[in-house]
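The chains carry the letters A, B and C, assigned in the order they are written, with residues numbered from 1 in each.
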């Protein structure tokens, strides 16, 4: 019973992280229409940044969050403006942009991964922050996981508030729903897309920092994060924040269940299993509406 | 390609088969590397070129072929091992194809993106839990020259297949699908079946290359066999060469195989960064590939 | 003439209670009608009344939520587009779709190679050339489709549909956007198809064309069947006028 409770709480924490990371991706793909395959590399890069800040400068990851997020926002803004805008300009249609962005970010993936390998090597890394056992619902987990979950909820909730209660947020949502009609109501597409891409980048970086407080990671792990975030986004329906949350939690729980009761080596298989089920049963996602 | 052109190219391949009699060291190793990528990139372009579905799963099929040899190489006669590798590659590609190719291209990309990693984890799990042995020694009596000849033969077969395909209804169907999938369905093309069929053909060749290359390693484990950089290298070569014509990818394979040879030798620690940069240059500067550039120059349009 | 046809023959196409919703919007709602062999039936209605969705349901581009599509006595409801095409349903598209990277001849060969009476190689090329001549694009076989004018793209699309040897031809606003000369040529072309015994279901806003071509009209509004009959009667029908004018007022 206690094992089950622990699994549940661990699964929820992991799922919350996946949801947060996927929310960033859904902003980039759903609004800026960039299928970013280098996405997971930015999770890992943020994790390394938090590690370096903590071990070298003694900066707590929570303060690190306040440093890394704005930096990631600027970096992703620059990436969009410098690298991706030319692709947007030359693409004759949405399909061509999708292919081009897949290729460009696939290249970027190897550059970022290469830089991290050169800086930090290929070994697994971790650091100890707030690893104090806490009891919750009869399960014992470390405090850092709870803190991470709390911050993920705050960041996700804050983003949701910005999207639903501000003018810019409404513009972002409008582009996600109907990119063809958005310019007709005076929305600056280039600016909105860059903003969404940058905001997505900041969210993913926050995910990386939070994950680094309780998971071991290495420079080659990005692909797995990208894969999981993509599956969550597709499961939840592209551009759908609530879908991300539900699908992320579902994936986190499934993985933790598989890892605890079957074999930790099969978590990616579990991800694929979920993905396949969705592809066959509901290709438009759990909350998606089939296109006309 | 016309029959004459195909005959000339095949004769050229036959002439190149003499290489191992001249050198069995550096030049043969380089030729093996080029021949390997020539088959992989051409097979990749055969599916992804006309359909415009970007497959990131080359490493998965290559790895399956290589690992099949690691498991069965000592048990079965060599031709049977190759056959098994091809069959496993075909079965996997059919599974992936039927699950994803009915849907929009993005699902396919996402699915193939993590496929090599998935299979690597599954094979690792199987080895740890069932056979209880990680990693295997590959003891097969195959010389470097034999590897080279097999790759040349595969390349020849692939070019013949491609030439046939270009004139066949299946090839034309894929061309129509690449132009407009909705129209394709409304002229009676079973689009899912056509795409899956070609994906399977292309994947079988990738699995066979993996199997043929396996004896180059004396020791194989899942991490070596399912090395994701193969997907990446093949993709960039095919893109640089251009995917519109059968020999297009070759124009990317030769220069990049040479470049990578230099890069691995001189900058082993920064290989990934440099290759990534080369990749980005190709995507931004040569979107139609070298063969696309040449075609435009021939037509007299500004390139 | 059309009444006589109807009493003598079984319908080629029978649509029964067809329904399709997108989220909360019911685009086609309980639509029923028949098309008899040799007839030209006009499918009319104001914008957004569900005509194109109805064609998409019949051609297999979409699957219906409820209802049946029966082709020559055979239930074909929900079959994918390529199977319906091979059973003899060909269509053109509201936003004209040619294959821009292919030549004119190859565009038509695309219709010949996989259809009901497939042809390939030299035979297909020569049949394609004949069809191109038939729609007024003769001798331009090797030109790329990307350079065609809008009107010529429409002709090419029709040639591709005819290449499928259709038993039922679905035209989705095939005459829309043509200039006056092209329009006259287009009407003559469809009339000549009718004279050869081709069965046509056409969505059309050009009323002159409907009057000149259609034996019968089915009128839709808000996804539902509201009137049916010969063009002159239907276009004078009170409910039909209201549907159109109501739409104009809004």
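The rule we apply is simple: a contact is a pair of C-beta atoms (placed from the backbone, for glycine too) under 8 Å apart; a residue touches a chain by one contact, two chains touch by 3 or more.
Treat the numbers as computed from the prediction; the structure is a model and nothing was measured.
Enquirer: Enumerate, in label order, the chains that touch subunit A and subunit C alike.
Expert: The shared contacts of subunit A and subunit C, listed by label, come to B.
Enquirer: If you tally the C-beta contacts for A-B and for B-C, which one comes out higher?
Expert: A-B
Enquirer: Measuring between Cα centroids, which chain is at the maximum distance from subunit B?
Expert: C
Enquirer: With chain centres defined as C-alpha means, what is the inter-centre distance between subunit A and subunit C in Å?
Expert: Centre-to-centre distance between subunit A and subunit C: 47 Å.
Enquirer: Using Cα averages as centroids, what's the distance between subunit A and subunit B in whole Å?
Expert: 31
Enquirer: Just the number, please: Cα centre separation of subunit B and subunit C in whole Å.
Expert: Those two chain centres are 44 Å apart.
Enquirer: Show me the residue ranges of subunit C that touch subunit B in the complex, using the header's touch definition.
Expert: Within the complex, subunit C touches subunit B at residues 59-61, 80-83, 85-86, 90-91, 93, 97, 99-102, 106, 109-111, 113-116, 118, 120, 160, 163-164.
Enquirer: Help me check something: in the complex, which residues belonging to subunit B touch subunit A?
Expert: Residues 52, 54, 56, 99-100, 103, 105-107, 109-111, 113-114, 117-118, 121-122, 124-125, 128-129, 228-229, 232, 235-236, 239, 269-277, 279-280, 283-284, 287 of subunit B touch subunit A in their complex.
Enquirer: Quick check on the complex: what are the subunit A residues that touch subunit B?
Expert: Within the complex, subunit A touches subunit B at residues 35, 37, 83, 86, 90, 95, 98-100, 102-104, 106-115, 117-118, 223-224, 226-227, 230-231, 234, 263, 265-266, 268-269, 271-272, 275-276, 279-280, 283.
Enquirer: Could you please specify the touching residues of subunit B with respect to subunit C in the complex?
Expert: Those residues of subunit B that touch subunit C are 169, 172-173, 175-176, 178-180, 182-191.
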